[in-house]
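Chain naming follows the written order as A, B and C, and within any one chain the residues start at number 1.
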Amino acid sequence: MKALQFKRNIGRYAAARIAGSFTPGRGSSVGPLKLADLDAPEMPGPDWVQVRPRLSGICGSDLATIDGRSARYFEPLVSFPFVPGHEVVGDLADGSRVVLEPVLGCVSRNLDPTCPACAAGHLGNCQHTTFGDLEPGIQTGSCHDTGGGWATAFAAHPSQLHPVADTLSDEAAVMIEPTACGVHAALKAQGAATIAVLGAGTLGLVTIAALRAQNPDAQILATARYPHQRRLAAQLGADHVVAPPEIRRAARRHTGSRAISLHTDDGAVDRLSGGVDAVVDCVGSSESITDGLAITRPGGRIVLVGMPSQVSLELTPLWHREIQLIGAYTYGTETSADGTPVRTFDLAADLVASADLGQLVSAVYPLNRYQDALEHAAGAGRRGAVKIAFDLRSEKERDQL
Amino acid sequence: MSLITRSLGRARALITHSGFPYRSAPTPNGVAPAPQRSRLGSDFDTAWARRYPARLTRAALVEGIMRPTMTILADPRVYGQDRLEQLDGPVIFAANHHSHADTPLMLTTIPDPWRHRMVVGAAADYFFGTRIGGTIAALTIGAIPIERTKVGRRSADMTRELIDDGWSLLIFPEGGRSPDGWGQPFRGGAAYLAIRCDVPVVPIHIQGTGRILRKGRILPQPSSTTVTFGDPLVAHDGENARRFAERLEAAVAALADEATTDWWQARKRAHAGTSPDLTGPQAGAWRRIWALGKNDRQTQTRRRRWPNF
Amino acid sequence: MSSNADPYKTSNKHLAPRPGFVLDVDRTSPPILFHHGDQFKLEKLPAGRSRVIYPPEPLEGLADPEGAIRHALANPIGDSEPLAALLRPDMKLTIAFDDISLPLPPMRRPDIRQRIIEAVLDLAAEAGVDDVHLIAALAIHRRMTEDELRHAVGDRVYDAFAPSGRLYNHDAEDPDGMVVLGETPHGEDVQFSRRAAESDLVVYVNINIVSMDGGHKSTATGLSGYTSLRHHHNVHTMRNSTSFMDRENSALHASNWRMGEVIRDAGVKIFQIETTINNNTFGRTGPLSVLQKREWEWNAKDRASFIAMQKGLEVLPSKARRKIFSSWQAPYEMTSIQAGEVEAVHEITTANVFKQQSVAVEGQTDILTMGLPYICPYNVNSIMNPILVMCLGLGYFFNMYRGKPLVREGGVLIMSHPTPWEFHPVHHPSYIDFFEEVLADTTDPIEIERKYEKKYAEDEWYIHLYRNSYAYHGVHPFYMWYWGSHALQHLGRVIVVGGDPAAVQRMGFQSASTLQDALEMASDVVGPQATITHVKNPPIFMSDVT
């Protein structure tokens, strides 16, 4: 089996961190990630099946790992060596196409009874991600036992798999997983009349699409750095798209607030007197969360979708303005308008189809060119791209299994 | 401070008490002094003080010593310099007079084209009473002797020559420093010279120098001052010196009013003829001093001497 | 001495000023000085097809301005009594005066306004008038700071009136301070300062730097607000003002004149005092005098000072350059003063403006070039942002014509200015939003007016800043864009030499790094042998195009 494997190697990890800080994505060439010929993972349990990936996306969290930027928080939640890749559309042995819901919850770990979160269907909140029959790993793509999507094969529990409708292309199907993240986050901002989405990478764009679908009357502001991001953000439903440094003024204009300057005479817009009802932060940096705090109205909320790592924040506005800062991680089961539970992945699949999110896949690469692929993904915005994926459909090892 | 005063006093005593040959010997009693042509008073020759070597020395003194001293001591605020914008050629500056600080203050605040070609009318009896005093006065401030009481023919002719030659004149028409902080009536000299020489008079009001070096004091005390320049006045056809002097005094009184209240009040009172009198109330000494306290402009706060870091 | 002199006599200190003229560029012509924001460039124009219009030299100023002021107040023009006869002790008197946008750059002290206001107040003091207010007639411009007011009216007037609240900036958004006087036959609301409307006499003190200023526009615009302004500060009016510097052919002025009648009929008595100045912007002598000399007349000293200035400015950071230039005060001299009834006064004023500024030019050109200076009416002591660059080039300089525009319809305008993407956040807050939001959407004035104007005009924050800080009103950047709308419609292309590409592109223009590149780019529109005309402004002048 051909796979990209991530080994524990402190020296290479440090090298990746240095290389990645100069050129994002460059960590792939010096870091612990290597193209290798491995044995296909053994099935961890009796129900498990083998999936042969067709397309496997590159996610922001993958890039953070490769460039050595990911938080130490994750160290106990992964098991080395592992094969990354959790945005996967693949084939089963019978030839049917599936997408992977990568979270490794209690069911896949063969834990019974399950934790309360898993019992309620909130897989993302599983409390037992380091226990059970599997090595630690919150998702496929960070667990040694299962393998991951950046390979010609990996193991999956049936509870993780969703069949793909024939009408969906592979490109559309590979967008279901990130879209599910956006749908889950957007639901946490539901009911807001004015919403600002910070960042227009993959997550930002699918979140805009999800917000628009869920809140037809809401006024949605978005920040986008690059022209194609602006175009897509507007097309997917943002009413006003501005450059990131312009968000405070834009939020002021569209909420009819006034601006407050820290230094009375310099005219800077440091924060707003009012602001938007909700901010969905798809960047997760100190700057973006600070922007969020500056433009959220008292009593409003900030949904953090972008993975933040370590940030430095002034939290006085959070306290003084009673702003809620909420995390939004992956997906699971949502409550629909009529109160019935519905899987986030099902909502995401519908949205991918209706909003044509397959268009966000900008380029695909074979595994051999993984360094190019990762650099392209890391510089996606600058290079006019959104989602970069590995294309495993024509890997010859795929058929040798 | 007292140390300085004491040593100054001792130095003065030393000079006063040291005799011949450090000082000239007095004429013995019963001997008639040798008749000699007076070279003092209004006959003092000051032409040398208007030639280049003396002018350069004076300019250096004004810029190098007087200006820094005045900045520290008097911290002058100057108003109305723009009123001189249209003037061209020599003029007579007429200011009220509180103290010896007035002259250096004028020498440093009168604007450029006039400052460097200006003589100061100084009391012939006071400044030009001795050769040394006269020489110092002529050199340092460009003084020319003018009689206090009535301008003599010689002074008038000399002034006219100087003015025709392009020199401006600074004169204090009160004829002497104020004894108590209030002004004294203007004498006709400045007006008379202006009419004779056919030049405009610029009225100037000085406030605050009395606190620096009042008559009878030796050591200066820093205090903020205000200098207000007024619109140039020209004698009307047929106006005599007395009337013109009254008009001049009224103009300075209006400037005093402007310095204590504001320009609009001052203009209204000037037109109504109700500008406060420069000479103060005609009353007992204590009431005059009492009334003096009101003359400080309330709205003004002291300017900082140190830069704000 | 001076009181008996003829106040209309001008001082004869200088050689007789020469009129403006048109230079045909040939191989022997020197490179021409281009203003380039707060820098300078020398540009060689193509021989044989270029010409340069030079401004007239500064006329002599009045020898005795104070005397001339007194004479004007005592001998009014048109249907008006002398000012002294209009003043009574128990009356309400309001003196309104032009704001910081005039003259440009600010003039040396004493400002003309100070001289006139002091003369007017002296008469008022003589008449015993107690109730006097002084208002900076700034319409929706930013408020003037204390220093700026002191500079305009002088310390004496400021100290006498400002502390008691009787000298202040006009506030067009004060709900209690504004009143609607009526409507013109064209349905235009006439909004006016309540204090001025309720006064027994309004004395207006004006400085006419260009022919657009003055007349009924002084009060009908200066003392009004958005309710009135929107009727003439709009795209339709601006496109029908050819040009707005030529009152007879200006829809802007027609509207103001209609409003002036409504104000008059409402019983507001106005005593208008108008003045003209010469174009002695950079001085006959001094460090900047080289800027108003003709290149072939630069002597060794001029050349040395120009080179030193040009090189020096190059190495300075832009902030330091701005500081140097904003400290420059022009030695303007008053060339005429007339007072009395508004329309009669303004006739004479405009004639006097043209006497200084008019240059006869034969025929239009394919390419018009201009070097934009560091200042326009709205960035005194501030930053010249890209919108103001557009307004100065396409609004003011383009419209400095009578007859026909200098450039033919479909021609190209090339302006030289660094056009940095930079704004003064205190003075121009709504400009930033206009640039980030409105121009990112569209540059079409009609579309801008329809879609965004109302929102910006009524934005509470802008109103707050206009009233309490030193900000131009929220709608002001729209007026800047409308000011150039006639040019936008007329021109085939606009190219900015040396401009910041992002900022220039945002405004829908093209940027070029050199004048040669710009001329090359222009040839796509007007052909390779197109005629070129350069307006060597400033010092400011008007082209009479036949």
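As a convention for this text, a residue touches a chain if its C-beta (ideal position, glycine included) is under 8 Å from a C-beta of that chain, and two chains touch if they have at least 3 such contacts.
The model shown is predicted, which means the values in this text are computed figures rather than measured ones.
Here the chain pair with the top count of touching C-beta pairs is B-C. The chain with its Cα centre farthest from the Cα centre of subunit C is A. In whole angstrom, the spacing between the mean C-alpha positions of subunit B and subunit C is 46.
Per-chain CA centroids place subunit A at a distance of 56 Å from subunit C.
The distance from the centre of subunit A to the centre of subunit B, each centre being the mean of the chain's C-alpha atoms, comes to 86 Å. Residues of subunit C touching subunit A in their complex: 424-427, 429, 432-433, 436-437, 440, 455, 459-461, 464, 469, 471. Against subunit B, in their complex, subunit C makes its touches with residues 1-3, 64-66, 109-110, 114, 118, 121-122, 125-126, 128, 132, 154-157, 159-161, 163. The touching residues of subunit B, when paired with subunit C in their complex, are 79-80, 82, 85-86, 198-200, 234, 258, 262-265, 267-268, 270-272, 299.
Here subunit A touches subunit C in the complex through residues 240, 242-243, 246, 249-250, 252-253, 256-259, 265-269, going by the rule given at the top.
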